[in-house]
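The following pair of complexes shares a single chain, chain A, combined with chain B in the former and chain C in the latter.
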Partner chain A sequence: MSDHLAHVADTTTTEPRTAGSRDNRLSGALVMALRVLLCLVFGLPLVFMIVSSFKPDTQIFADLASWSAFLPVGDVSLANYTGLMDRVPFVTFMVNSVFISVCTVVLGLLVNSMAAFALSRIEFRGQKVVLGIVLATLIVPFETMALPLLWWVNTIPYFDGSQGWLDTYAVQIIPFLANAFSIYLFYQYFDSIPKELDEAATVDGAGWFRIYRSIVMPLSGPAVATVAILTFLPAWNSYLWPLMVVQSESLRPVMVGIDYFKQATGSSGTAWGQIMAYATMITVPVLALFIGFQRAFINSIASSGVKG
Partner chain B sequence: MLKRTARLLATTFVAASLTLSVTACSKGGATSTQAASGGTQTLTLWTHNAGNKGELAAIQSVVDDYNASQTAYKVDLQAFPQDSYNQSVVAAAAAKKLPCILDIDQPNVANWAWAGYLAPIEGMDDILSKYLPSTVAKWNGKTYAYGYYDVSLTWVTRESILKKYGIRVPTIDQPWTGEEFASALAKVKASGDFTYPADLATGWTGEWWPYGYSPFLQSFGGDLINRTDFSSAEGVLNGDAAVKWGEWFQGLAKDGMISKKSSADPTADFINGKTAFLWNGSWTAVPVREKVKDVVFAPPVDFGDGPKVGGGSWTWGYSTGCASPEGALDYLKFAAQDKYVAKVAKDTNNIPTTDAAAAMVPGFEPGGENDVFRQYSKKFTVMRPETPGYPFLATAFTKGAQDILNGADVKKTLDQMVADIDDNQKANNFFQQ
Partner chain C sequence: MSVVEAAEHTAPPVVRGRSHKRNKRSTSVALAMLVPAAVLMVVFLIIPIFLTFGLAFTNARLISPVPARFVGLDNFVRLFENETFWRSLLNTVVFTIVIVPVQSGLALGLALLVNAKVRGTNFFRTVYFLPVVTSMVVVSMLWLFMYQPDGLINVLLAKVGITGPDWLGDPNTALFAIIVLSIWQAVGFHMVIWLSGLQTIPGELYEAASIDGASKWQQFAHVTWPGLRQTSIFILITITIAAFSLFTQVNIMTQGGPLDSTSTLVYMAVFTGFQQQQTGYAAAISLVFFALVLTVSLIQRYLTRDKEAIR
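Here is the complex of A and B:
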């Protein structure tokens, strides 16, 4: 409050302003203008998506030439939402995506943190070489591994003894548990935790797993949050892999559902309004999650050293 | 509060997980349904119609009728979204998990047959002789697939526009000539009444470019490849006729007659009055008729070698991996009946492949409002080259045509397209089996 009063007093003074304060105000205004511009650049596509989800296709395109594209004007209704439910088994896809994403995050946290713990804490021959190999895999894009991975998951036996993992939940989860970037993040964070804590615990009779579970992991909250978010997003957005390995509609995730609205031929054409409605329905939960945990996310990124 | 929310989320997830975990370790039905069960052989059928309610329901009704008609086989339908259907099929082929029966976009049939995905259909020559030739997919002298319907390209415009600018209403026997069309575009352009006089749907990607624009090239007298032996594009894709086509195509954009990249929905733009002439498929008839009462579906323009439209749409065949080829053929024969052709064509508003079926579909009967598309298809169709190299041809043509539209040197670009296509042919040993 006192700062506010001081500011008011300052702005109402009759003394001539210095060139420095004018410069500060100008740069402040420029920074604010830049912020507003960035908000518009990043926010308007989302506004367009949400607003268009309430409009019929012809109106979406008619409005494109003006700011009406970003306003809920004209023939606004929930028809696209009711229409999409008729076209796509939305609930099934949503439940599948939540299940796959959460399993990938939870199991991924376990696998990657354990791998990083071993690399950071347990001394063994070739430790640095293993870390180097893990890091080297970061430069291989998924698209180049997709076909070999397909061959692999189609060749190995499944839990029930049959050959291949195609058309299962497991094939959408297990190949993505071990992640080099996550291992590196955990490794980096674990390295910053004093090793004296391990030694003290060892003196008290704790084994490696106890040290991992009771000392290192409880101190690694920011790293866990970062890895959780960075694992969740690609799992949620997964598109190419499910196309290749899942044939049953009952096992498909939400992203594949987008294709249900695009028909190259036929009287239905591409249902743009329904695509926007579907995109809104699959984006809003993630957006709400992000906004809800915004502070924790930013804190975790800042403290775990992931900066772009 | 945050902890309570987290606990609630965790509880919900655990409950959902318990439910899902019952099925988490079990497999979906798609790839394991070709085993015999109780004397009935199950045949998996894949279709590209997920999300396309009308066509999916029609195909499902054919399957239901077949399953009810006999007990030896049970066909199990799996629907995939069209936009990613080819990736799913190619991935399944790589994993040797192709379904028994599948639908195939006609231009891909030769390539998939050459790659060993498809088996030839035998014993259906009599039935398929009644089909439009463009709906029977052949390669190397064998039939690999047949389709229920075809689509046709058409110029969409309004009678009021033609009247206002003094443009002749074209007919199937007397389509516009190249000069007439150029004059029509110029008149509309001079009026300033439209954002662009014409829309060629240049914002669409993929196979639309060769499907939509190679008929122009063929009408000028060029082609995508020399069809005598399908081994080279030299002379047909970079000859004088092709250069004329390229200059005309580039000129449309240069003179402001079309947009270099039209919107994602050119039909909506036409309906909204942004364009006067729309180059599109017969599939656009239903949405346009709903909004435009004086619509005219004009035949393709004759640029010298006759009006041309592309041929072929979705077709049905069976895979080499099918455990029961006799069952697949039995289904394909059953499904080829006129009543099913009529049903699928009716539910998709596409051109029925047989005369008998056309008579059953309102609008496609002789003289019906959609009969014009059937006549265009019968009279003007040029099949996309039936060669395994077509997917590469399509990609090379798309890239070259986009470069030309964006101002690249026409002759050099066409020469480069020919070089790329010929290299691909050689690299694949001219797709010899």
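Here is the complex of A and C:
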């Protein structure tokens, strides 16, 4: 799996080394030891989580003192997984999270790319002002206005005319569609696509929307991937907002489901085995996506920082 | 922030030789494409920002049959008399002051460790990055388990003869414990950003420095670090804002306790505005939070602009 991360390495600046000196070989070995140690620091807690999810609570604690804490040995079973299904409607939460994340990503891609296209390709009055406002909102963290937004979505009318958006799918999706950072990433990418293409298409009678749909978007694969990933992760991981806006169990996403386990107690205190099983089930899909699309993940994070 | 500057430089060129009619049509198409994003941003971002200012001076409640009333500075007076508020502000600032240098420094260290082209480098990068794709909710739950008095961390410490405290139950260690896991989760993210910054430094510079007899440290101080200036600004800003927004870890692991030792501004805003439904009061807290973020952003922007002028 490691080869997919090669992209960042492709252009890595290799520092010239004076080969063969004993000092260098010693420091090289030390550096490698440090790398391996850090691997344990970052990797072992996750291994511990996954391994523990298959063990009974008593065995988890008994295994702590030895390497078996990180190995699937002893009384390994799926008991925690079946047990937690009785405690929480896991499938419902999972379906909700997938639905909310997919809607947020797909609709967000559409809304933000269109806005960026208008700002990047079409000349109109007030363009710079609009772009300035979009960029100015980048420094406002969501948390600063989460509480006023909560009051606001509880005050404004819903689509059917009733008051308030609380306890819907819409309130978990729609407020997060338009995103200044996504618009900015698309804007930057669109600007790198030659404008001569537009003019050629215009001569052929294509309108702006045709140019957007048939020329610019098909050429913007990397930007689409970047925005999709940077939208998906916070949507999937969303916790504070659904905690406040959702009361019905049937609309809850997976991250809020973890709160069911706060008072969850098994035969010996907190049901840690079940908690680790739940944590594993809501993490593994994302880890699998990451390992499958590593290059795109790393590139999207890297590109979020390149221009500063 | 240089984001704004970069964007201003790349404004699209003026379209020449087009008829007035064409421009008029272009404008209407542009507006049509902008409308969805613009409406959403106004309704769910711009209005709530202004609402923060408005609501902070009212007694608005989340659910109330009585309309909100203007109460002047009452919320702020109450807030400034509240010890939990000062403790939360202090915790937020301490958390940020510790996280910003430690996390950015460790991330740079990791980036340098995995920048060299040697066998297995990509594997190491992948592993260091794994916590980033793990949600903070899961990370908090996992570390809550490991921080138990008889949990993994204390068992490991006992092996080397240290008796670990009740990390999250002791007011002296709780915030520190949260700092450690926060860094563990996010440091890989900034490692990748440092790496992308390192790639923008041309390899010839290192060759030249090497020919001039520069040591590894001199190469870092005179080639690597100056080349990372843009990256470091971005990293400072993102870590600072993320650190100010501390909430998830606190809500899952300690609920602000013990004795308010892990309460933060966002946690307090959620507690008062959501659990206690005091929207006006929570808006006042949000406003203080907003002022804090704005001040730091402006300071950082001022400092970076200054350096650009000197160049």
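Here is the rule we use: the second predicted complex is superposed on the first by the 239 of 308 C-alpha atoms of A that agree within 3 Å, B and C clash if a C-alpha of one lies under 4 Å from a C-alpha of the other, contacts with A are read in each partner's own complex, and residues count from 1 in each chain.
Throughout what follows, a residue touches a chain if its C-beta (ideal position, glycine included) is under 8 Å from a C-beta of that chain, and two chains touch if they have at least 3 such contacts.
Quantities reported herein were computed from a predicted structural model and do not represent experimental measurements.
When both complexes are overlaid on chain A, the residue A:207 reaches chain C alone and has no touch with chain B.
The wider contact with chain A, measured as residues touched, comes from C rather than the other of chain B and chain C. Once chain A of one complex is fitted onto chain A of the other, the partner contacts of A:151 extend to both chain B and chain C.
When the two structures are aligned on the shared chain, A:64 is found in touch with chain B and with chain C. Of the two partner chains, chain B is the only one touched by A:249; chain C is not.
Once chain A of one complex is fitted onto chain A of the other, the partner contacts of A:95 are limited to chain B, with no touch recorded for chain C. Using the contact criterion defined above for the overlaid structures, shared-chain residue A:276 touches chain C, although it does not reach chain B.
On chain A, the surface touched by chain B in one complex and the surface touched by chain C in the other have residues 61, 64, 147, 150-151, 154, 240, 243-244, 261, 272 in common.
On chain B, the positions that touch chain A within their shared complex are 5, 13, 16-17, 20, 23-32, 46, 50-55, 78-84, 87-88, 91-92, 94-97, 151, 206-208, 263-265, 267-269, 271-272, 281, 283-287, 291, 313-314, 348-350. Residues 57-58, 60-62, 64, 86-88, 95, 98-99, 102-103, 147, 150-151, 154, 158-160, 162, 164, 166-170, 240, 243-251, 256-257, 259-270, 272, 292 of chain A touch chain B in their complex.
Contacts from chain A toward chain C in the complex involve residues 1-6, 8-9, 11-16, 31-32, 34-35, 38-39, 41-43, 45-46, 48-49, 52, 61, 64-65, 69, 110-112, 114-115, 117-125, 127-128, 130-152, 154, 156, 174-178, 180, 183-184, 187-188, 191, 195, 207-209, 212, 233, 236-237, 239-240, 243-244, 255, 258, 261, 272, 275-276, 279, 282-283, 286-287, 290-291, 294, 297-298, 301-308. Touching chain A in their complex are the following residues of chain C: 1-4, 6-8, 10-15, 23, 26-27, 29-31, 33-34, 36-38, 40-41, 43-49, 51-52, 55, 60, 62-63, 110, 113-118, 120-138, 141-143, 145-146, 150-152, 155, 159, 184, 188-189, 192-193, 195-203, 206-207, 210, 216, 219, 230-231, 233-235, 237-238, 241-242, 244-245, 247-248, 251-252, 266, 269-270, 273-274, 279, 282-283, 285-286, 289-290, 293-294, 297.
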